[in-house]
Amino acid sequence: MEFNHGQEHVDDGMVIVQANLDDMNPEHVPYVTDRLLEAGANDVYWIPIIMKKGRPGLMLNVLVEEERLGQMEAIVFAETSTLGLRYMRASCHRLGRVMEKVETPWGPITVKAGYYQGRRVQFAPEFRECEQTARRHGVPLKEVYEEVRRAYSAEGGRR
Amino acid sequence: MEFNHGQEHVDDGMVIVQANLDDMNPEHVPYVTDRLLEAGANDVYWIPIIMKKGRPGLMLNVLVEEERLGQMEAIVFAETSTLGLRYMRASCHRLGRVMEKVETPWGPITVKAGYYQGRRVQFAPEFRECEQTARRHGVPLKEVYEEVRRAYSAEGGRR
Amino acid sequence: MEFNHGQEHVDDGMVIVQANLDDMNPEHVPYVTDRLLEAGANDVYWIPIIMKKGRPGLMLNVLVEEERLGQMEAIVFAETSTLGLRYMRASCHRLGRVMEKVETPWGPITVKAGYYQGRRVQFAPEFRECEQTARRHGVPLKEVYEEVRRAYSAEGGRR
Amino acid sequence: MEFNHGQEHVDDGMVIVQANLDDMNPEHVPYVTDRLLEAGANDVYWIPIIMKKGRPGLMLNVLVEEERLGQMEAIVFAETSTLGLRYMRASCHRLGRVMEKVETPWGPITVKAGYYQGRRVQFAPEFRECEQTARRHGVPLKEVYEEVRRAYSAEGGRR
Amino acid sequence: MEFNHGQEHVDDGMVIVQANLDDMNPEHVPYVTDRLLEAGANDVYWIPIIMKKGRPGLMLNVLVEEERLGQMEAIVFAETSTLGLRYMRASCHRLGRVMEKVETPWGPITVKAGYYQGRRVQFAPEFRECEQTARRHGVPLKEVYEEVRRAYSAEGGRR
Amino acid sequence: MEFNHGQEHVDDGMVIVQANLDDMNPEHVPYVTDRLLEAGANDVYWIPIIMKKGRPGLMLNVLVEEERLGQMEAIVFAETSTLGLRYMRASCHRLGRVMEKVETPWGPITVKAGYYQGRRVQFAPEFRECEQTARRHGVPLKEVYEEVRRAYSAEGGRR
């Protein structure tokens, strides 16, 4: 197994940026998401909402470090149709993270484990590697995913 | 009390028309709804969906008699951005309907009751009248609504 | 392991019953669901929709054998606020089902497996047993769930 | 009528805890909700969202007093699949509450009333009692609910 | 072209007021929205959520200046069924706004443009004028909308 | 301009395949969508639903020609967690389609136009080409999109 640590920590300097969009072509949504993530957003997600006059809109949400707020605003104003945005301060609690490799019939696949106060509470196969394996070997994705989880549990992981 | 009957019946000649929209300005949604209802749709509703490439779209649904299908299609193609639509046959079971007036401190308000096999199973204050009453008299809408229901129950309705 | 077969089959005599609700107290939703399932519905689910005048409503869906349509209608009219409903014919393709027990550190737990053309394509721990085990033994539910899946995979199931 | 007061107040020491989940089995959702409420959460709710790569996820929301934040985090990390969570400070304004009993043809049922600046603005039948009454007496739930509201209005409540 | 400036600015004194509703008639939603906007809310929107016991609810959101918080609370408690609400502080970044008229075959229509750091990043036809034009002249709304955008682009706007 | 015709037609041999999923990892959703489209589905979309016991699930929808039903079923059973699926017959009305190239400052970009009864009612820039252009030239996607629409309108398209 290989290791790749990330320490558990709390980050108090985060902001959540929000914009309500009722006149944007929804086709643009994945592109806007990618642009924000490439520019350093920690997370980007969209919430279906109902706006005034009964319009079904979308609320863009960007979680980002406060010092990158300006860069996010520039992208939101350039790439969406909004005339305004809002933001709130937030704190993030992130688990310690360890990447490990497990052996499978189709070769090694990475598992990401999460540690809370020194104890492993999460583990998940790296999705993209499972997807590539499923395509390359012509097996159902859920079978690859399941086998990685089984193999990781059997090895006992790095407790 | 006044009466205004509608017989309970089943109508087997209905269709549901659907179109998935991922590149339409959502601002247009209420307008499209109104246009379809004015042209004879029995009901129009929208469902938030997730389309290919992770695009958050909207599915337009129109419930209409089969003989009006062509008129609905003309509006859907003219007023939305879709390149295609689909439809399925459906049957509608509609309750008998009776409109009655009840007295309230703010004047008479209409109640619509629904009859299933001759027995009243539903009744609801006419929303628009309640709304106008709330605005005109400066009382909360839910108070008007509640009072109409209470008065109707007390009178016993037209069982 | 114990066995409990259900043959794979297609049932062409199903209907989907739908009602759009914009004036029902959402608190009643789980109760209506339970009543319909108790009376023989194969499945009951709700879809958030946007109705005319921009009202956020709920569409009730009931999947049921055509011969029970009348019973479902009686419940929908008695327990919801709708003045009408619609239905469409549908076919259901159901996998063969086998219930098996697997051993876990907390005792045996049932797994339900699904067979498509004689090959097992699905398996899932019985949710309620996992939940009871998690509560009784004070372990996270996802740990119980994972252990059942691991044990079932290790045993190879009844391929 | 019986009384059971709760004073109207504002509580500035609340937090909203949020976690975005795109790889959790949705079957676990009600269990996680129950666990958090049992451990002292004031409210727990879930929002359907669209996450990166077009994944339809769920955002868990927990409203809780700041001093219980640690307990909530322990449950979120143990029972969900998340590698991180975030929280924001919030203030809660809660109405004064009074529980009263009203007589119905099926026995007494509790009504919860809400007081804003000394004036009653809300009242609602206790859902669970209505549900039990409906089941025990074989009457539609909405009929029980309506009767409780009518009886409460007729008595005038404890204005 | 006519001008009507609004300066770009950041407003740190905003609050977001939220209430989760699981027992309110959704028919009242547009009315509550209108009442809050008339009383000075900057924005009002609704999010479909899943509440405890699997109830599909709605979360009301009101974005408003902190000094109007009391007025908003009075409306929320009077017009919805909630026994409590919460609020969080937020900052709003609003673009500079310029209203301009463009000529179309159906007469002049207003365009609202948004300026970020002195550069135009947004423009959108005034929806209500487009809608009235479409109705009056019997042309598809999207054709009116498109023509206004085209004419504005051709004129170059007020860069 | 180049041409590439597709005739307007109605296809009565379509089916809509549906499966309700309450225990599938949502991370797999885009993969399942891609697999179904690659195997010949006409459209694939997902609807957030509320299932029994208050579980937030997803309904998979596949629109496909009836003769490909078997292939779709094989993928649904292999790649999702469902133990059953259902299908309904549907008719599709597809507009005539013409692909045309328009000149822009960043090179030619394709526009897809839709014809209803011989009259053009739709046109839309090819999304992928706009996206590539935006990335390659470092301009906002919405600016590219707008310019393509403007250029197409100015040329008058192939009316």
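Note that the chains take the letters A, B, C, D, E and F in the order they are written out, and that residue 1 is the start of every chain.
The rule is short, and it goes like this: contacts are C-beta pairs under 8 Å (C-beta built on N, C-alpha and C of every residue); 3 or more make two chains touch, one makes a residue touch a chain.
This one's a predicted model, so the numbers in the text were calculated from it and none came from an experiment.
**Student:** Can you list every chain in contact with both subunit B and subunit C?
**Tutor:** Both-contact set = A, D, E, F.
**Student:** Spelling it out: a chain qualifies if it touches subunit A and also touches subunit D; which chains qualify?
**Tutor:** Touches both subunit A and subunit D: B, C, E, F.
**Student:** Under the over-half criterion for shared residue numbers, do copies subunit C and subunit E use the same patch or different patches to meet?
**Tutor:** Mostly the same residues.
**Student:** Using C-alpha centroids, which chain lies at the maximum separation from subunit C?
**Tutor:** If we average the C-alpha coordinates per chain, E ends up farthest from subunit C.
**Student:** Which chain's centre, taken as the mean of its Cα atoms, is farthest from the centre of subunit F?
**Tutor:** The most remote chain is D.
**Student:** Measure off the straight-line distance from the CA centroid of subunit C to the CA centroid of subunit D, and report it in whole Å.
**Tutor:** Each chain's C-alpha centroid was found; their separation is 25 Å.
**Student:** Per the centroid of Cα atoms for each chain, what is the distance between subunit B and subunit F, given in Å?
**Tutor:** One centre to the other, that is 29 Å.
**Student:** Using Cα averages as centroids, what's the distance between subunit A and subunit B in whole Å?
**Tutor:** Going by mean C-alpha positions, subunit A sits 40 Å from subunit B.
**Student:** Quick check on subunit D: which residues sit in contact with 2+ other chains?
**Tutor:** Touching at least two other chains: 23, 25, 27, 29-30, 46-48, 50, 53-57, 78, 81, 88, 121, 127, 140.
**Student:** What graph shape do the protein chains here make by touch: line, ring, star, complete or other?
**Tutor:** If you draw each chain as a dot and join those that touch, every dot ends up joined to every other.
**Student:** For subunit C, which residues count as touching subunit F in their complex?
**Tutor:** Those in contact with subunit F are residues 14, 16, 29-30, 33, 37, 43-48, 61, 63, 88-95, 97, 112, 114, 116, 121-122, 124, 127.
**Student:** So in the complex, which bits of subunit A are touching subunit B?
**Tutor:** Where subunit A meets subunit B, its residues are 22-27, 29-30, 46, 48, 53-58.
**Student:** Provide the residue numbers of subunit C that touch subunit B in the complex, in ascending order.
**Tutor:** Where subunit C meets subunit B, its residues are 20, 23, 47-52, 54, 57, 59, 73-74, 77-78, 81-88.
**Student:** For subunit F, which residues count as touching subunit A in their complex?
**Tutor:** Its residues touching subunit A are 25, 27-28, 31-32, 78-81, 127, 131, 134, 140-142, 145.
**Student:** Any idea which subunit B residues touch subunit D in the complex?
**Tutor:** 50, 53-56, 121, 140, 146-147, 149-150, 153-154
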